[in-house]
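Below is one structure, written out as structure tokens; comments come after it.
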Amino acid sequence: MVKTETYTLNMGPQHPSTHGVLQVVLELDGELVIQAIPHMGYLHRGIEKLAESRTYTQFIPYTDRLDYVSSMGNNWGYCLAVEKLMGITVPERAEYLRIIMTELNRMASHLIFMGSLAIDLGASTGMMFGFRARERILDLFDMTCGARQTYNYIRFGGVSVDIPPQFIPELKRFLADFPAMLAEYHELLTGNEILYHRLKGTGVITAERALEIGLTGPALRASGVDYDIRKIEPYGIYDRFDFKVPLGKVGDCWDRYIGRMEEMKQSASIVAQALEQMPEGEVMTKIPKVIKPPIGDVYHSIENPRGELGFYIVSDGSTKPYRIHVRRPSFINLQVLNETCQGLLIGDVVAILATLDSLMGEVDC
Amino acid sequence: MQEIMSLFQIAKMLRALLESFLPDQQLVDICMSLINIGAIFTIISLSAVVLVYAERKVSAFIQRRSGPNRVGPKGTLQSVADMVKLMAKEDIMPDGADRWMWMLAPMLLFIPAAAVFVVFPFDNKAIFADLNIGIFYFIAISSQSVLPFLMAGWASNNKYSLVGGMRTVAQMLSYEVPMVLSILGIVMLVGSMRMSTIVAAQEQVWFIFLQPIAFVVYVITATAEINRAPFDLVEGESELVAGPFTEYTGMRWALFFLAEYANLLAVSAIAATLFLGGWNGPWLPGWIWFFLKIGAMIFLFMWFRWTFPRLRIDQLMSFGWKILLPLALANVIITGIGMYIYEFFS
Amino acid sequence: MLGKGLLKGMRVTFKTFFHKKETLQYPEEKLTMPARFRGGELDLNTEKCIACGLCKMACPNHVIEITTAMDDAKKRHLKSYVYHSGLCLYCNFCVEACPTKAISWDKNYENSRYFRDELDVDCLAIAKQKLTKTISADDKASAEKDNTLKGGILDE
């Protein structure tokens, strides 16, 4: 008698297309996925525990390394939480600089998303194109704060240093070139029928299920839920800018892909508006030399490229935090992998992982 | 120019040279045969070396990089460096692998890739073996390359390899059928399967203009037969690491690679022969035209690889069976009707 | 038309085939680092350093080890300054904390080593070496000039 049985395939921690060190244990029936269980923790560095033995200011470089691709956002989320606890206000110019840097970082992060999606599906040229555009953004950051990926730029009370004089002309050149670059990527990738058929209709996450699980970010908006913290509870000076939030209809991989490409365009428009409106002035208020927040706790969340990044800080009145917990969007988004992949093929697992856009540094913390 | 430098003339000169200092006619014949065999093996091995370099350069230029440019002038000796490195690697056989099948798989893959070269018309009257079943021989031998993939996949004792091996069998078998049917259109037009007749029939007009649908179907199925993107999910790097080849290192892996590039050269040569007029062409000797046309086809295949993402296995199967097969059949029917109308009016 | 998107993609890659290459031929060509680049090792200027220890207190990761000594005039000066580059986060807190701008980045990113203990950099020794080199070069240039360069920090 012929008997079929399922087998276990391990897409191990070292794999060309898990975004970092993620182990996905697949239980397969031929090519159909029965279960896809992610095993995380290979990049765990104990950052939340480290926070208990660092002062508030000394912890800022560690937040860089959570979601290392969108460091500006991480810095800003943490600084906003501490500023909320201590009641610090930030000067105008610093607010504008924070927004410019964070939105540029959002573009850089989505370019990585596009590149890694392209190479996971086999179009390695797409990855080269995406990373080339990202180089321009990283050069801008390099010229401002001296680092390309872990910036330590946004501090309590403002930003650490003002932009050099050659920043604005360089940024204007980049913004002028960017629409043509984006059009090229759309022509190469979005118009491609093979990519369309790979992504359309696979990995559907319904809006109800997304809200139940706590999905946030572009993945949630692709399922049709209009939840963007920049519009709902604006932090910084986001209420002064005019931008759209792209929404999807079905919640499949295609919607998640198109949503992020559209977000890049909107970020470019926010940066252009901020450039026009930015006033002169100082970039850092007077804050005490030693940061000693009052006793209490605070939670503040921002819209990071991957979702809602939140910092919960418990302070006991000393210079070192009692406990910091980071609400990491990639960690929470990754839960949805198992149920989304069931009944699909191995190729779809790769596409879903790529469009959920989880970064292991943030998943493991 | 065309007549002086054609391969046939070169062969005649060589034969005269040999006859001048070898006593026996039979000895001269044996020598010429050995030279022929040597030439074919040289082409196959050189093709791997040259094509690896060409692929890396083409992919680099498409991605606005430079590609290899350190080893040798403009990086031309890079393939030699790679071969030396591969030969120096340790030969590891996985524990629990089926020993004989595992060792035979790369060799069995290389043999059909090499054996099809005997029917290519490099020039006028310059085919190694002008069989009257020329194109049928090519189809029969090249379909033998399905089995070594499955052997490698099974014998490696590795789940990734097994999945890759199963996918190969499915893919290559499904795409054999439309390929044969697209070639059938050409055979109907010419009325013979002999390669030299097919090329001679294209003196006035190349068959790509008479059979455009067959050309498109042939190019797509050939890409699937040689496991290149967008049909490379056999060795889909981002899904299955390396598919059936995962457990092979060093020279064994180099043999797989060699076979893959020899296959690429083979299908490009067939496309050049059947659709692009073979060695026909003004002014330049025939064999130069043949290699130029092969070069154009190879560039086309490389262009496909570096632009398109890969298809999923179910999309690939449905594309082969539900779209390409009816298209190829329709092409055969239209060709038949067209031929009948043509004869009716002339 | 079916396949139009594919052909458009092919047109994009065909056009990029002829574009200018963006590869930098390292090590023959090297990029110049921007002025604020944080990389390499810490460069200590012993003339400006007042041995206050603020850089050590600002560092999140105990990368800088300083020992100081008080001399008779109740002035602090440095006895040793070790920078553990293997632990460094390159966060720039030490450079920003220094009140006299005595430390800076030497921007030499080509500083990999074979052994782990070579990652600990003795900044004071390097600074002294640099000073003797400049002083001996100056001496050679102005052989008859006054001897005011001697003494002071070289009195070890």
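Residue numbering begins at 1 within each chain, and the chains themselves are lettered A, B and C in the order written.
We adopt the following convention: contacts are C-beta pairs under 8 Å (C-beta built on N, C-alpha and C of every residue); 3 or more make two chains touch, one makes a residue touch a chain.
All values reported here derive from a predicted model rather than from experimental measurement.
Of all chains in the assembly, those touching chain A and also chain B are C. Two chain pairs, B-C and A-C, are compared here, and A-C has more C-beta pairs in contact (counted per touch definition above). Per-chain CA centroids place chain A at a distance of 45 Å from chain B. The distance from the centre of chain B to the centre of chain C, with each centre set as the mean of the Cα atoms, comes to 56 Å.
Averaged C-alpha coordinates put the centre of chain A at 31 Å from the centre of chain C. Contact with two or more other chains is made by residues 62-65, 306-308 of chain B. Counting partner chains per residue, chain A shows two or more touched chains at residues 125, 132, 188, 192, 194. In chain C, 6, 9, 12-13, 16, 22 are the positions where the chain touches two or more neighbouring chains simultaneously.
Those residues of chain C lying in contact with chain A across their complex are 2-6, 8-9, 11-13, 16, 22, 33-39, 58-60, 89-93, 96, 105. Across the interface of their complex, chain B is touched by residues 7, 9, 15-17, 31, 118-126, 128-129, 132, 188, 192, 194-195, 197-198, 345-348, 350 of chain A. Taken together, the chain C residues at the contact with chain B in this complex read 6, 9-10, 12-14, 16-23, 25. For chain B in complex with chain A, the residues that touch the partner chain are 59, 62-65, 159-160, 163, 229-230, 232-233, 236-241, 306-315. Against chain C, the residues of chain A that register as touching in their complex are 54, 57-62, 125, 132, 142-147, 150, 152, 160-161, 164, 184, 187-189, 191-194, 196.
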